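Structure, as structure tokens:
Going by the order they are written in, the chains are A, B, C and D; count residues from 1 in each one.
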Amino acid sequence: MKRIGVFTSGGDAPGMNACIRAVVRTALYHGIEVYGIMRGYSGMIKGEIVRLDTTSVANIVQRGGTILKSARSQKFMTKEGRQQAFDQLVNHKIEGLVAIGGNGTFTGAMKFEEEFGIPTVGAPGTIDNDLYGTDYTIGYDTAVNTALDAIDKIRDTADSHDRAFFVEVMGRDSGYIAIPCAIGGGAEIVLVPEQQQSIDTVIETLQTARKRQKSSFLIIVAEGDEEGNATIVANKVKEAIPEMDARVTVIGHIQRGGAPSAADRLLASQIGIAAVEGLVNGMRNVMAGIVDRKLVYTPFHDTIYKKKLINQGFMRMVEILSV
Amino acid sequence: MKRIGVFTSGGDAPGMNACIRAVVRTALYHGIEVYGIMRGYSGMIKGEIVRLDTTSVANIVQRGGTILKSARSQKFMTKEGRQQAFDQLVNHKIEGLVAIGGNGTFTGAMKFEEEFGIPTVGAPGTIDNDLYGTDYTIGYDTAVNTALDAIDKIRDTADSHDRAFFVEVMGRDSGYIAIPCAIGGGAEIVLVPEQQQSIDTVIETLQTARKRQKSSFLIIVAEGDEEGNATIVANKVKEAIPEMDARVTVIGHIQRGGAPSAADRLLASQIGIAAVEGLVNGMRNVMAGIVDRKLVYTPFHDTIYKKKLINQGFMRMVEILSV
Amino acid sequence: MKRIGVFTSGGDAPGMNACIRAVVRTALYHGIEVYGIMRGYSGMIKGEIVRLDTTSVANIVQRGGTILKSARSQKFMTKEGRQQAFDQLVNHKIEGLVAIGGNGTFTGAMKFEEEFGIPTVGAPGTIDNDLYGTDYTIGYDTAVNTALDAIDKIRDTADSHDRAFFVEVMGRDSGYIAIPCAIGGGAEIVLVPEQQQSIDTVIETLQTARKRQKSSFLIIVAEGDEEGNATIVANKVKEAIPEMDARVTVIGHIQRGGAPSAADRLLASQIGIAAVEGLVNGMRNVMAGIVDRKLVYTPFHDTIYKKKLINQGFMRMVEILSV
Amino acid sequence: MKRIGVFTSGGDAPGMNACIRAVVRTALYHGIEVYGIMRGYSGMIKGEIVRLDTTSVANIVQRGGTILKSARSQKFMTKEGRQQAFDQLVNHKIEGLVAIGGNGTFTGAMKFEEEFGIPTVGAPGTIDNDLYGTDYTIGYDTAVNTALDAIDKIRDTADSHDRAFFVEVMGRDSGYIAIPCAIGGGAEIVLVPEQQQSIDTVIETLQTARKRQKSSFLIIVAEGDEEGNATIVANKVKEAIPEMDARVTVIGHIQRGGAPSAADRLLASQIGIAAVEGLVNGMRNVMAGIVDRKLVYTPFHDTIYKKKLINQGFMRMVEILSV
């Protein structure tokens, strides 16, 4: 393999740049040329492809976002779009790809490989940590720290005013972000999609705590919880306990940005190196991940269809710690 | 004056604790006893009053929120409530008050002084910076830095995805928070209550910029803007420019919390000292503030009825800098 | 077991408070009384022992340092000292201990158990991450993030002035802090005790890079490196390459403080719970740790005498990434 | 004026990039072309001069350091060097300069104007805040916040271990950084060049406090204090009070880097605009500054030879607040 391409796709995540840097420098270390494909599959189709050298990735290890930008591409979902993408890669003599993104990204890569034979190795780049095949995804640790920092600030007000705050954190269909935020933020209650917890239980818990003279509360709500988002939950609670001074904060998009944490930079660097070395060694249709501190390549098929379960022990922790 | 009380009232603000610390230590320095009144006027009525010494305020200069807590009191708006508050102060032999808060707080203090003769000196504690009689209020600098830090993170995503973000910041009826966020955050547009700026102008500005190939945008919206909040503005824009990928983030309550900035700790300390020394020197019904780096005492009447105008030059700056 | 004690000992580490909180609440959850022993073994000897309840540990999960304080005790190294400590525990009816600290702490606990039969379960609290029996120690992740944040700032100056910065980080006899700082900080070179790397190699690497027109450099030096500390290394380099503008920064004690990271709060909470539940289940002379995301109890003897080896792959990463 | 140049010189400071951005965009706003001169006078001599447009300064408002880099130039101190610099400016048709830096920078600019008639307007860019003609310099607020953040972390350890920490902050020959750090950091003592404070007084203060059972101490030492740096002061104190557990931390270069604070971005933007508009209006040999919130142009001669005095009230504040 003499020339590879790298791109980011799907929602941006802190550490994507650190991963791009690792991909570029590892390729160069192995004597392989490397090109950056802008805006994911969209730029691949349009031929927005640029040569990267070692200075292209200088001073980006600490930057949030992605220098290669990201976009969704409807066109790549069509055969015609993928044909155009393939033609662009052929024009640029690109023989293999490193795709930094999530399951949508890997699904596209699998289809592309099936039709055109271009091998791709994936890197798990998403704040949601919902990918099978790696303990942590790139961006997850940073997102949790950002959310927790916001929660620490909110607690200042909650304490000062004896209020209840319903704080909504990201995480799509999982409680991966919500749970460490609840444990680390000293929350009384956490609502996550993985576990049914009725509003009635929430109300009961709050009423019991109020009887014990507890006056300020923190309730963390994962955006995908089935009882609804933080506003819906807060309204139901306020209906049941009208004397409670309850507020809602949606932490939102700040969770996607900012300088990556140390753990995310390390993970992104490990995976970036592994992705290139995987390609060099003939791998395809696999995602590089770290499981129990060891490098593991998992077939895209598994990352897409297998579910990474959340540690059930964490739910018990919230209960014990809010005693 | 042998014994004074100190309390915080209204919305909490970073630096309130630094101010409480300065009040306590200055009182002790002058040989005056000092009591903390919990939960503002509400605790005054109920007699939630505790002796404070130098260690009561150790290690709080860097803490957000307020160790004296804050609350609104309907009862203090009645003559009966104020009578009870007065009785409590008499019981505790408290001869003067330092009130840390905003205009609601000062209005109560004026009324209270008129009826019962208890002198109060005020300290401007609010993130909104909307108080006449001081260049900056305690908590304002921190709130702006917190909002700006969030905006920096949001821009990572805006850039990576070529999106427009409509970011709503606090500030009640003023653009004091919004404007430095717009200048420091590199925003294209800022909407503030002080200046009429129609949606049509906003749309036009964005369309012009798009023609110049600009692809990501930051629009800062002050919560009190008359065109409506960030969501309303974003929806109007999306209607006019449907191809623009526009998102909304409401920064919300995190702006109230967190460790106070250096400037806020310094300001809070200066004002805490000045408030006590004002009381000692026989002042009443005035707020201690800093205007052009000099200590100034302004009658409550003026802080309440005079309007602090925003620097019009700042609006021009946003225009120039987004060229 | 009806009553236990908890203390912190050795250098303080961010997350110790989160661990104390977890110990207290878990004990209460299981109906066990819990006492805080101030200043480690020193306070145990003097009987500085206080009852803790659920509110004693409210609002500390996010605080650096340790509310139980820490100290070294010469006296506990004598039989007489330990006898006094034992008498104090008997007086307070304390039947078991949770010791948060490092190997010095655990060595004392083993000796104490041997002589007086008081069972102790340990929690690994040290920023150095040099304890066998757990992948990460409490405080390590925060210390690395703090050091890295400082390094990011230093790089601004290094880049602006085309300088070389020799940055010394903590870590006693290991490169656990230095290595992620080097990878995450984009350093050219890292010097750690685990690996011999002569000054000559350092000088050669820098001269090669200078020939490639590289103008700013970051060299991370672990405090325990055998070539000497950052100042010594920098002086040797300056002697060899006098035209290089080289500066030294010792990050120092700031690495021990600050709000714990999300990962440290989670780890501290897991381990605090596990330590109490270990005691309840009859364990003694073991440290609770997390290895490959699973709870593991390791005999004190092993934590003290077995060496936790650093991942050799990380050294190769620095080399590849500084291409 | 049709074309101007901008450069940064002297030690880098957070906010320099925000100032460069403002200079560039203001020039373009007024239809003036703008060139960036790399590495200060050194790059001017060598002709390292690049055209800047609006995108050259996109996304830098939040970045520490300076994209134009900075360097000291011995050669510019010679007539020959200045002649070469002038020739380069003539070649590039540059008719006026904006110089971002401190007194060394302005001294060079004055000499240059005298000999070659090229007008320069200065912008005060230094963390030291020691320039007459502006209340605050660009970078000062950020440096104080960075130092204070480090001090907050150090206090965690000081408290946990009952230690005294001697913390050295930057500031060349002034206490501008040290004083807000002392007030905002809750320090017991501050040593600054502006005020004689003998070691004996320091020792006495510490001994008095120890008698009052105070166990942890923070002493802030400005790097230019005449009693010597933090290490020297600490050693003298340890000699007098050997039982005190005293440590030294030199905060060092991290004070120069990092994202600029909100206040620094605003100030840098105001001054960048003012510098260009000053040039356009025919000014020369003046520095743009903000005094009492108003824009002021001060002759270079005054910024160099007049001394900006520190507020003496601040020293009294430290005394009162450490009661």
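What we mean here is this: contacts are C-beta pairs under 8 Å (C-beta built on N, C-alpha and C of every residue); 3 or more make two chains touch, one makes a residue touch a chain.
By chain, UniProt protein names: A, B, C, D = ATP-dependent 6-phosphofructokinase.
The structure displayed is predicted, hence computed values, not measured ones.
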{"item": "Between chain A and chain D, the fewest steps along chains that touch one another", "value": "2"}
{"item": "Other chains in touch with both chain A and chain C", "value": "none"}
{"item": "Separation of mean Cα positions, chain D and chain C [Å, integer]", "value": "35"}
{"item": "Centre distance in Å when chain B and chain C are each reduced to the mean of their C-alpha atoms", "value": "39"}
{"item": "Inter-centroid spacing, chain D versus chain B (mean Cα positions, whole Å)", "value": "28"}
{"item": "Residues of chain D engaged with two or more neighbouring chains", "value": "152, 155, 159"}
{"item": "Touch-based graph of the chains, sorted into line, ring, star, complete or other", "value": "ring"}
{"item": "Chain C partner contacts - residues on chain A that touch it in the complex", "value": "18, 21-22, 25-26, 28-29, 54, 58-59, 61-62, 135, 141, 144-145, 148-149, 152, 155, 159, 180-181, 183-186, 259-263, 265-266, 269-270, 273, 292-293, 311, 313, 317, 320-323"}
{"item": "Chain D-touching residues of chain C, taken from the complex the two chains share", "value": "8, 11-12, 14, 39, 63-66, 69-71, 146, 150, 152-157, 159-162, 165, 247, 249-254, 256-258"}
